[in-house]
Structures are given as structure tokens and as C-alpha cells.
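Some structures are shown below for you to check.
Across the two complexes that follow, subunit A remains constant while its partner is subunit B and subsequently subunit C.
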Partner chain A sequence: MVSQQIVNGLMLGSIYMLVAVAFTLAIGVLNFLNFSIPGLFMLGGMAAYGGVKMGLHWSLAFAGALALAGLVSLAVERLAYRPMRGGDPEVPLVSSLGFLVLLENLMLIRFGSDQQAFPALLADTNLRVGGLVIGMAQLASLALSIALVIWLSWFLSATNTGRRVRTVAESGETAVLLGIDMSSLVPRLFIGSALLAATAGILFAVNYQQVSPFMGEGVGFKGVAAMIVGGMGSIWGAVLGGLLIGMVEVLSISLIGSNVVNITVYGLLLLILILRPQGLMGRPPSREKL
Partner chain B sequence: MNAPEATPFIELEGITVERAGVRVLDRVSLTLQPGDRLAVVGPNGAGKTTLLRTMIGLQKPSSGIVRAFGRERRSQADFREVRLRAAYLFQDADDQLFCPTVVEDVAFGPLNMGLEEDKALEKARVTLAFLGLEHLGPRITRRLSGGEKRLVCLAGILSMDPDVLLLDEPTNSLDAKHVEKLTQILAGLDKSMIIVSHDRPILDTLATRAVRMKDARLEPAVLHRHPHVHEHLHVHVGSEHE
Partner chain C sequence: MSGYLTGVLVTLSFNVIAAYAVYLPMAAGQLNLGIAGFMAIGAYLGAFLTNELSWPIWAAVPVSAGLAGTVGLLIGLPVLRTHGIYLAMATFALGQVISATFLNLEVVGGAAGYPVAAYAPPAVVFAAAAGVFLFMVLLSTTRFALYLTAVKSDATVADLLGISVRGIQVAAFTLGAVVAGFGGALYGHHYSFIEAQHFNVMLSVFPVLYVLFGGTQTVLGPLVGALFFTLAPEWLRASAEWRYALFAMFIILFMAARPQGLVTTSMFRLLGRRKAQAPA
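Let's turn to the complex of A and B:
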């Protein structure tokens, strides 16, 4: 049933959306393609799994996973971004990729390479609407993802810190000349994007009930694709791109077959970039970002 | 007994800046004392903007020493204080204006310096009133004219109470009315200034001394006082009067 697949696609898309927004915060504000984000996504899922497995209540396990992702992201800022800031943007990109590999391998050592089964927290609580079956975990994930993005959008437009972030997005130099303390703002941005990525990882674990040290790679690339499809630097573009890629992925698995899923998703990316190089909601270079 | 010499606000010592193998500044030394209003003149591409950027840490020199407000400055953390005390007026006003209304834009600097929102807004209103611009306070920033935007930018940096103003082509693309207004305001301020400009009238009015950038080097320029019907200062550069 196509409508069921669309619902499933929206659920998956909401995960991509959060990862894409995490990438957007990094590239839109700091001009930094932060490849530790897939690692932080994985860390969210794996650390939550580790916490639950240790017997912690799921809320504590999730909070611990988020805190850990935030701390690791601070280390990325300190070790991969800060020393290379102001130089070629490719340099911190490569060093952040190093963090992705490091995190994957640490998890590999701790949990092994097999997929681990994440316990069902909201088992057998499906909502039936017409012919559609919507898992409560899926619904909660979608609602939480959308609420997070709406809150972030409000935060950036209506608060003084948000205004500072937008100033940095326009020009880091202007920001420092207007007295913005970059040494305090940039780490907070890293924590923010880590929390988004790790939340996506936890939601993925809860919805698909599986985690693995390499779960971040596929989702990370889809997140980057979603950001580009939506329009680099646009939060709502990342939302649209994430949902679109989620739906295309699920529909192509359902209608064509799982072995062509990457061809469909990345073919869509290519097609959109040919027709609209700035992405669906991106604009030609201008002053406005975020 | 001589009075002790004041600590210079800004001192550059043997500053060299290279970009892509080309020397943009070549062993430049300069001192800005409290009360100085220094004109920096010279052809386009001579390194004038780079000179200003180096003073506030936006351009890292390949050699030489930057001292500001009594201390040598090396790291970005060092320069944060310098940028608050030596405020840079942007060439393009649109680069500085981000907020919906003028009063919010003028309050943005004080907010970033740690003032609470209501105190920052009050500071902005006081600054606008001091400059005779209080009528612009509630206006939408993006709908201001180019000249009004420049004046609002000036209000924005003055609201941070800097000791030094770094003015990079302050009259660029302003009409005569706004040039006059800006000049009047700047002349009435009790601030040290470095004025990079090609606009002789504003330099004549503001500058107390002048230097010239040429081929990445700094050389002295001469201020002359001419017997006119009205007396004013002229900046003469290079070999014009040598």
C-alpha cells in the first residue's frame, strides 16, 4: 500500500532530517562539513543501547548518550576544528572524518561488528488510522523531530543567541567585530549539532530496534544528500530534503526493490542538482543564511 | 619635569603581511597615541585595509609585533579586548546590520559585551539620541538609505564605548548631505581615530596627522595649514610638498 509506505518514508525521513539539520548548522554557520556527525549519530544509538543493556532506565540511558555525544563534539571542536579554523575548509573536514573512524572503531572494540538488537520500548502500541498502521515509536519520533526543528528555527530567529549564530553564519569576521565571543558560541554550536545527531541516532535505534558501529555511515551520507537536495545552509531545506529522501528510499524499496535504493536516492540528488544547483529551498549566494 | 608619556593605544612594530607570496605590508611600524586622529592615504591596493585588519587581529602578520592598549597581542583571545576598544566601521554598512530595527542593531554590540537586554536597548537609545538619530530607532534597518545605514553603523560601534575608531572609507558611496552629517558627528567625538579615506574634505576636517601607504610601505605625509578665508587643515601626501 503506497500510503503506508509514504508514512514509513516520513518516519525514516524525520531521522535524515535531524542529521541534515545537524550538518546544516555546521556548514551554514561555520562553513565546516563536519564528518563526525555520522559518528555522533551512531554514538547516540550505541551509547543508549549500552546504557539500556547495563540496566539503566531508558531515560537515563538516553540522557547519558546525549551527554556523551555533546562531550565528544566538544573534543571535535577543540581538536579538529579550532586549530584549523581560518585555513582551508578541507583540513577540519578530514580531521572530523578521523573522529568518525575513531568512534566507529571504539564501538567495534566494545560491542563487536554485529548488529545489536535494541529493546522495544514501545512494543505493540500501534495506531491504526484507516488502513494505515503507525507505530507509536515512529509517531513519537516524527513529532519529536518536527518539534525540535520548529524550536531550533524559532531559537535562531527570536533569541539573542540565535541572532549571534546568524551573524556568524553571515560572516565570522563581522561577528567578532561586533563583540561576539566566538570562543563561547562555537562550542555551543557543536554541542547543538551533536545533540541533534545523537537524538536522531537514538530515535533510529528505538524505531528500527537495531544498532551497530557503522550505522552512522549510510544515514550520514543520506543526511548530507538531504542537506544538499534541500539547499545548503537552509534549515527548512534540510527538513524538506530529509523527508523527501526518506520517502524516496522507502517507496523505491517497496516498488522497485532494495538493491536499487541507493541508485534511486542518489539519482534523485543528481537530478535535482542538475535542475536546481542551489537545492530545492536554497537561494543563490546572498546575505541570508539559516 | 616632563609629564609621563601616555601609553599608545596601538603600536605596530615591523609588521610584514604576505598573501600568496606577495608582501601586502612590508615592515610597517606605526603608533596611535590617545587623541591622535591619523589619516591613512594611498592608492587602492596599497595595503590600507590590511593595515587596519592587522591592528584588530583579522589579519595575522608573518612577522612583527602588534601592541594594543599596553599589551602585546598574539592570540584571538588577546584581540577580543582590542576589538571592543578599537571599533571598526565597515566599508559596506550592510555587512554590519543584521537586526530588524535600528535600535536593536545599535544594541547588538552592548548585548554581545554582556549587557542585559533592557540596559543594552537603553544604551542604544542614548547613543542614537547623542548622534541626533533617535528618530531612526524604530525604523526597519533594511529600509534605511545608504547614508542612514552608515550613521546607524557608527551608532552601533559607538554604543560599545570604544577608545579608538577605525574608519575604513567612511564616506564611500554617501551623498553630500550624509558626508557632511557624518563628518560633523566624527569631528565632535572625543575619540582617537584612524581614517582610511580618499576623501580629502573629511581628512582635512578630522585628521591631526597623516601617513601614506605606498607599495606596502608606510611613509609620513604632511599636514599643511593654508591661509584661506576660512582656516582649515589639509593633508598633503607623499612628495606633493617635499
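Let's turn to the complex of A and C:
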């Protein structure tokens, strides 16, 4: 029974992992706690649902949802991030939160506040391995999440663009001095982070077969927790944190009860922050003043 | 006063108190994303004192505020070892843990919620909000406010000038928790019912919006922000379902045009600073 829960935890964790990587890109590189990411996660799921409901083929619906999320993220960059560059780090938080409220309410107007059933795309083919039940959709999304993260990690370490991103993460000023074109790199980062969040939203919709305008909040905040537990700015930290948070959530529901989820998940986060603020796999902050 | 107007003004009062609970730590450079947790402590303890121990409201509310402050102090000491975004996330986690704890405390109703017998009429709520505001104005004329600004602007220099940076940080965090606990205790006694689900992330985050929208540079900023955020959705009520969408759009555009917030110390100096920043 516990091993079944571990499998479920891994599945949930793979979704947190993608959201955490999306947050890590925004915060590790740009030092911007982008609260529109839960909104983009929700947009991914809801727009895919809207597309499928309109009778589009699922692949078109998914592509449309991803494109929409990318476009919205460009607007976030233009309106929330760009005007505040160099100011107080908490200020862009307000407008990115504004985007979250805006997206939620636009979806509310379009689809209503009820939870909608997302159609099952893969026929209910479950894999049975020694008493364990593994849904094909779950397995596919776990594989896709891991593949995406491996690709991203390779991209950041081996390509020129990846090297630029890491330079910006190290120091924005140095990056500008070295001639990195911030005005083209930053929007691309925003699109990348939006695509990850929207992919997570679509995977969530496919796996749990439900969407709602507020699906982003719970998952989004757990994604933040996963990012910090793993270590801010570290891709593999986000992976570890996401899987860990997913596991802790599923195990505490099955062993204790659903009301304690916030205590265990955020208690773990608090504990990590007090004992090891840089996260499990993060580097200690190098320019600490006091 | 019509019931509607009273209702809006009561909401406004609670929002003003919450805004100042966020403002104090923020004036010292801390982003507190967990004040809902301190509100929950104040609300539940206040309700427990009047319900189970039949304390009068006037005693229960300050004592609960004090306890929220004590929790803030005890938790602030380890949590304030972290800075910047880490601190924001620690307070965020803290708020979640506290409200989830109350969700599981059967002695105060657990998930079913907790009715509060004693009642605080609107006039008391208005007076409390006015009191918090006056206290903050008073505080802003003392040296303490200067210390806060110094710690926020440059902690190293403040340290060199002999200010106990850590002391000021803990004091600001604790005072914020006291104000939040005060608001929470009053909230329970006015609405006669509390449930742990009310003290969620959004309750912590919206006061931060009020403060950043109003501007963190002056003591008036949080008041203006809370006023705007409470009244503007009411004005937009005519456009029913679109009102929050319109409101969110307005906030996004406003913050893009004026990131410092509505009320600032000196328009001229800010205009100059913005010009200086432009080439970066």
C-alpha cells in the first residue's frame, strides 16, 4: 500500500517539479518571485480544456494553450518585470499577483467557478506491476517531466544561450558589461518559464482529469515550496524538492489525513529555511551582507 | 449609517489594520507573507479567552495580540537569520503552518470553524483601526522609524552607526505580529465566527498589495492603499463579473506606471532618481 502511495507521490511530485523549475528560472536568474506562474499553470490546464471542449484535436488544444501562456508571460515581462528593474525586489510581486488575479477572473467569466471534468485522453490503460497500479497518463507525464528537465539542464550547461542565462544569474550587471543582450534574453526566459508552468498545468489536467480557475494556487505555492526545499536557482534542486514535496503530501494524506498536508509540507519548508536556508542542493549565498 | 456602508467601513478597518501589520516589517526591509498566521493566532486565542474562560473582550483582544507578538518574537529569532526572498518564503511557510495547525485543533472546532459568543460592534472596530493608524503616525515621528529606514536602506551602514540591526529587525517583525494578532482577535469578535480556511495565503498577500500600492515610503501609504483596495471593487460592483478582472488590469497598469506606489516622500527627488535609473 505504501509503495502505491510512493508511486502516486512521484506522479504528483513530477508536476510540482515542473512548476518549481519554472519558479527557479524566474527567481534564480532574475531575482523575481513571479506570482503569475500559478496563473500560467492554470491557464495551461484551462485553455487546453477550452480547446478540447471546442472540438479541437488534443494536440492542437495543447499547442494553443502553450502558445497562449507564452504570450501572457511576455505581457508579464513587459508590464510587471521591465518597469521595476533595479527597484525594490518585492515590487514586481504586486503586478505579477495582479496577473494571477486577472487570469483567474477571466477564466471565471469564461468557464464559471466550478471544477470542470477534463476528458480522458488515453484509454484507461493501467500498468500493473506486482500489485502496483500505474496509469499510462501518469507514466507518460512523469517521463515527459523528467525528459524536459534533463533537456533544460543540458541546455543551460552546454549551449551559448544557456551560458548567457547562467551569467545573468550570477550577476546582471556583469552580464550587461559582457555585452549580453538582456532585452532579448529576458523575454525568452519568461517564455521558457511560462511553457514549463503551462505544461505542468496540462499534465495536471490530463492526470487528474479536472480543471478549475483556481487550480493554480495550491499547486503553485507547493511549487514555490519545492523550489526552496531543493535550493533556489538549482534545476536539480527543484527536481529533488518537487519529488520530495509530492511524496510528503501523498504520504501524509494516506498515513495521517488530508488536513495535515499544509502542516507537513510547509513545516518541512520552514525547517529547511531555518536549518539550511540555501536549500538541499543550493549553494550558500555568496554576497551576504550581515 | 446604512448596513451596506457599515459593512464596507468595517472591512476597510480590518484592511487598514492588516496593512499596518505588513507595513512595519516592510519599513525594515522585510517582506512578511505570513501575517494571516498571526491573525489566526489572535483570532483563535481571543475567541478562546472570551468563549471558554469568559474574559471580557477588552482584556482578551490585547492579550491575544500580545501572544501573537510573543509567537512572532520566538519564531522571528530563527527566521530572521534569513534575508530577502528567503525571509519572505519563511514567513509564507509559517503562515501556512499556523493556519493548518488551527485547522487540526479540535478544541477550537477544527475544520468546522469556531463560533464566537462575545460581540464587538462596528464602532469598536472603527476606533481600533483609528487607534492603530494613530499609533503608527506617532511611531513615525520617533527615532525608531529612522532606525527602520536605516536598516532597510543599508544594514551595513546602520550597523556601523551603532544601530542593533538584528534588534530592530526582530522588533519590527514582532510589532507587525502584534498588530496582526490585534486585528485577528477583533475580527473574530466582530464576525462572531472564525474558520481556519479564512486565514489563507491570499489574506496574507493582499495586505502586502495594499502597502506596495499605497507606497512604503510614508506612513500614509498603507492607509491609502487599503482605502483604494477596499473601495475600488465596490465602485466597480456595477460591472458585476468583470469587476475583479478590471481591477487586476488597473493594478498591473498602475504599478507599471508608478512602481513606487501612490504616496511618496518627495515627487521631485523620485523623478530625478527615475531619470538616473533610466539608462541602466
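FYI, the second predicted complex is superposed on the first by the 285 of 290 C-alpha atoms of A that agree within 3 Å, B and C clash if a C-alpha of one lies under 4 Å from a C-alpha of the other, contacts with A are read in each partner's own complex, and residues count from 1 in each chain.
One rule holds in what follows: a contact is a pair of C-beta atoms (placed from the backbone, for glycine too) under 8 Å apart; a residue touches a chain by one contact, two chains touch by 3 or more.
Predicted model, so just to flag it, every value in this text is computed and none were measured.
May I ask you to decide whether A:V2 touches subunit B, subunit C, both, or neither, giving the answer as first, second, both or neither?
A:V2: touches no partner chain.
Should A:N160 be classified as contacting the first partner (subunit B), the second (subunit C), both, or neither?
first
Classify the contacts of A:V224 with the two partner chains as first (subunit B alone), second (subunit C alone), both, or neither.
A:V224: touches subunit C, not subunit B.
Would you check which partner chain A:E170 touches, where first means subunit B only, second means subunit C only, and both and neither mean what they say?
Only subunit B is touched by A:E170; subunit C is not.
Comparing subunit C with subunit B, which touches more residues belonging to subunit A?
Partner touching more subunit A residues in the overlay: C.
Which partner does A:A147 contact after superposing on A: first (subunit B), second (subunit C), both, neither?
neither
Touch check for A:G179: first (subunit B), second (subunit C), both, or neither?
First partner only.
Flag every residue of subunit A that touches subunit C in the complex, lowest number first.
Going through subunit A, the ones touching subunit C are 27, 31, 33, 35, 79-80, 83-91, 93-95, 97-99, 101-102, 105-106, 108-109, 217, 221, 224-225, 228, 232, 259-263, 265-267, 269-270, 273-274, 277, 285, 288-290.
Which residues of subunit A touch subunit B once you look at their complex with the stated criterion?
Within the complex, subunit A contacts subunit B at residues 160, 163-164, 166-167, 170-171, 173-174, 176-183, 287.
Could you please specify the touching residues of subunit B with respect to subunit A in the complex?
Contacts found on subunit B: 56, 58, 76-77, 79-80, 83-84, 87-88, 90, 94-96, 98-99, 108-109, 111-113, 117, 156, 160.
Enumerate the contact residues on subunit C facing subunit A in the complex.
Result: residues 26, 31, 78-79, 81-86, 88-90, 92-94, 96-97, 99-101, 103-104, 110-111, 155-156, 159, 165, 201-202, 205, 208-209, 212-213, 216, 241-242, 244-245, 247-249, 251-253, 255-257, 259-260, 277, 280 of subunit C touch subunit A.
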